[in-house]
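The letters A, B, C, D, E and F name the chains in turn, as written, and every chain counts its residues from 1.
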């Protein structure tokens, strides 16, 4: 039955040891999921953690938790998991060990949507610091010829949800410049914490504005449905080969589930 | 309400003046659509037409009907339309004039799925003739670094649905070689008329096999839902600007709906 | 005898259903052809047609006439045919079915000349709308590393021949900026209807200015001579394979010559 | 008058200090030039010289003579000069100082022809040694995506004109393999001294075979005519800026004409 | 004084929680360092660890220790640190937080040497599994046009130092094939644990064979000397900006030195 | 003994027939070499010569002397030679015939250093004229994605050492703009004659400033040591194959040593 096939299970992982955003993101996802979709929004339980991943060295601290969570997702029957950071941190690593769970990340997901709607796009980042690393991602996803510009809001990750009026004004301003000056035809919000603004900006600016929470979540739901119906699970040959289970046991790796905190709905 | 938002309308266009495949493709799509999704499967009514698009000059004959159908889709409230040929013929042209209708095509859609499941893939084409043109598509979609190989089944488009045992055997043989010799990690079926085989081949070969009807259809359904819920419609600025309505009237272009034949469900 | 070998036959196709420009282009070509060269300047006879191809969806309407004209050129012993639009519309399609006729297009022809005269160049387009599509052409022709800039005259195709003083002033202005600000070393006029201005601009600016009618026409004459003398006709194997004649008959395609209007000299 | 405009003057430079091939190449060029075209075939007068340029270090010895010859060509009113070696040695250097003389080279010229006739091509070189350097040329000319293969005849430059039957047999063999195994759609002869074979091979193999003497010579004639008629001479701004005359005088460079030996017709 | 400037301090990090290879690598480095160079060879102290990094998910477990070690190196006055794995794991992350310490990795270092000695090279990996990830590295380092091939020894990392005769024979065999069949001009050993074989293979095969321990270690020594003499330390602006110290304190990150085990000399 | 292995012999070649800069460069190199390193700084003895290589046609005049000097270096037991011009003139040619001598050039050497210290860099050239040619070098070395900008000092080569205060001020000004406006993270001085300024600029600007004399010289020393210790000499197979000695004798090429003038220390 179709309904059953579409009753998928998704995990949204906030890949940090802070739990502040689990609640608002869960509320957002609950409002946009399909009825039969089950969702859990979790973050990592860590002794110490940054509250954001603006630095590569912070990401490096989180990669262990991300891959552990990907393996855990498979073991708990999660169909697809989203790594909730626009750098797509540890994406390839997590995909290797995720078993039958499809792993999705915001940058790749947003570019996938924008490729269907426009020929050229701009990405609105928080700070110039981020650009070089994200440019590598855009290049790896084969979209650098279509990148009109990066534009920086000059705001840190932790500021986006503090004063909504300020954030909205900054996004509007740079989106407008991207369209007028850089000839962008669509806008991508380059941080998951820029959530909550895209619809208003889109109405104002008149081009598609792709949200970094909505796009990967809905892609995960879509891919999870494809998995259930058509058996489209991650490849496990050649470069996609995971470590052997007996080697994991011998090394004592991934033997306990990772500590996660969050909520399900 | 969510149900309403996901009650999308899709058009599958067989971009030829032959109607033979409307029925089997309609049956396939009916079996895989979500409950609230409405679908029409149509082909072009033409005085003369090829039965397949193996030649560029055949595609050139169809591009008029494809763009007319894209504009018509918008006028009839279709949320997303699929151009049902793996060359993705007239895709950019149709997107320009499709208004609020998202236009999807098989090659781009299949590569989008495979990018989530594997690092390297092979495409199984009918004849070597097709390779150069499809390679341009793969390059334009930014995936040529991930292409393991093209492999040719040495069958024409019209042969795929004639003797299923023969087609299945050929697909199996070349899929097996692609994985073993070319180190493909996933297989893409490079013609919409290779439908009906992917699940069996996938079970046999053990890597994801992406079907050129299923993948674009489900992507269209997904994008149509994104459109309804989030307002993500095609950009209409800069290179995405459509011809002005008054100019179309003055030239007498697209003033009557195109002649289409098909069925709805 | 050499004279005989160079007595080539050329067709300039204005790929629209408007005939306004046949006369002035014919006059221009007559003034620059070699003595033994025979030329016909034709446009398509169509029930409805745009007067320009600024939109992809307009080009899609013309592709049928373009390929039909390419096949017809071969059947009438035309040595080389030019598709007279700087988008090079339906070029690959027309080449497939042109038999022994070499098919030439303005963008590729102009880039071929400029590659012999300068390291970096700019293209003067009518509107920003055109840029993305032409950039794809430049990329496909392997010249994107040498592109200094696109500059827009902010004029529609139909305006170029209306007030020559205005057009000349706009071309001069943007050519000057391209050289000074973008460090272009040569200028390419990015529309066939910018004809009539290059020599004056060239004198004024002091760098080569390549005209989008002259360059492809003289290239066609050159390639036609190569064909006559050395047998260098289009390849017909692999991706260059044309549809089989008996299939064309069975489908009823290209059985009548296309309706063309024009003049010969 | 047109006849006057096409009365161009060309120089074919054999860029070595050996004169053996001046005579046969002059005979070939005389048989293919247009009536009004004047030609000189020259080689360098040098105290010591290799007889071929199979090594980069040999080319380095010749670059002085090549640039001197380019400057000299301009001073003697030559419209276009060909550097007669498929490595296109010192091409960019010669172009800088050639004044109003257009400088042409075989590899770039052959790729220009083949781009009009086929989508993919192979180059037949003498030895594997040559491949890496020529590959750089193909890449610089933007054609590497269209290169089907290099194939080596396993013959030195000096052997090509020794036993014609042997050379023809080797070219035929490798051209055949290029088409069948590498799916080449056209063949380029990757050495000027492979002259004299292309027409027979072309008839036999059935795809265009581009000759490395004919193609650049006829391109030079074509460009010389464009220069005379339309003023399309090399750009002299930015990277195309030549050294100032007074500096040349001060340094005592290029003050005497280079020693060249050859014949005119 | 020069001697002082060249008295550099280096750290070789075996980026795993196994200590087996510290001793033999220390012996090797001791035999090749300059007299005034101080070296420490360390590995990570971890509760659980793989013995090799053949899987991306293993690398993800080590990235925390690698970045912590890079920061620690800076705090202890280490001039340059080598991450001892040919995947160059966490290289960019470690570089961000390494302060004045230059961070070096084997793949980038080996390609740097080979670029000075040959035009094309092959990399000998342990298993095909590794190829895709290393190919991304080669591409990011701008050397993919020069890559002749990857060749797999079909041995795991842990096998390389078990039976030297077997490893040597396998390396010889594949190096020979790389040169003869793939036309490699130099060989890169694609795993640090292939140490101990390069000189013998080099003598036998007759082309440069670059060792994945020697090359990065000597590069680190070279860069450390450049740092001491010329002040060439890592950039710390834009994408190279490290996390602020006060934020690290607030988050409690990197406040204690990482647990490392090893020896100094 | 290590000391012996590091007692390398280096040649710095000023590839012009002017000797003015031998002395100051020798002084600089003497102050930065390792104690056991022997150095010779030489220029070419020529009847006529430019004093700089700002033009391609000047470089073409010097290539003979450069390759002759590379061969001579090998015959005199020089371990590594630097071609002292940032265009890296005749680098590939010289490498072919340099026997066991490693040949190094400034642009490649500087990019090698900068790749270890920063993600993006700018190059400060003398005049815009130089950019296009150097951009080709940057591309060939695989670093164009990391190039932030070229910036022109608007000074000729011969001016750099005339008024140090002026040159320093210009370098500072453009370095500052490169960092602030183009977001460069490191600066490369794009001419060997910009020597003497990097340390002061570096202190002022706060990012690494790579000097075009220091970087290639120290790289040459490093590679010479690698050669002595590990036998890493240039490859001599396939594209690296040199001309046969007996052919050189037969042609009378390179039979006498080139005329060089300079000093040793």
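Worth pointing out:
Here, a contact is a pair of C-beta atoms (placed from the backbone, for glycine too) under 8 Å apart; a residue touches a chain by one contact, two chains touch by 3 or more.
Treat the numbers as computed from the prediction; the structure is a model and nothing was measured.
Chains that touch both chain B and chain E: A, D.
For B-C, the equivalent interface within D-F, B-E or C-F is the one where over half of the contact pairs agree by residue number, namely D-F. Among the other chains, the CA centroid farthest from that of chain F is the one of B. Ranking every chain by how far its Cα centroid lies from the centroid of chain E, the top place goes to C.
Taking each chain's centre as the mean of its C-alpha atoms, chain A lies 46 Å from chain C. One inter-chain figure worth recording: chain A and chain E are separated by 31 Å, centre to centre, where each centre is the mean of the chain's CA atoms. Counting only residues that touch two or more partner chains, chain C has 119-120, 128, 131-132, 145, 183, 238-239.
Contact annotation for chain pairs lists A-B, A-C, A-E, A-F, B-C, B-D, B-E, C-D, C-F, D-E, D-F, E-F, with touch applied as defined.
Looking at the complex, you find that chain D touches chain B at residues 119-120, 145, 183.
Of all residues in chain C, those touching chain D in their complex are 2-3, 6, 32-35, 102, 104, 108, 112-113, 115-120, 141-145, 179, 183-186, 198-199, 202-203, 206-208, 210-211, 214-215, 218-219, 222-223, 225-226, 229-240.
The residues of chain D lying in touch with chain F in their complex are 47-51, 54-61, 63-64, 66-67, 71, 90, 92-94, 96-97, 128-129, 131-133, 136, 140, 238-239, 241-243, 247, 251-253, 255.
Listing the residues of chain F that touch chain C in their complex gives 128, 131-132, 139.
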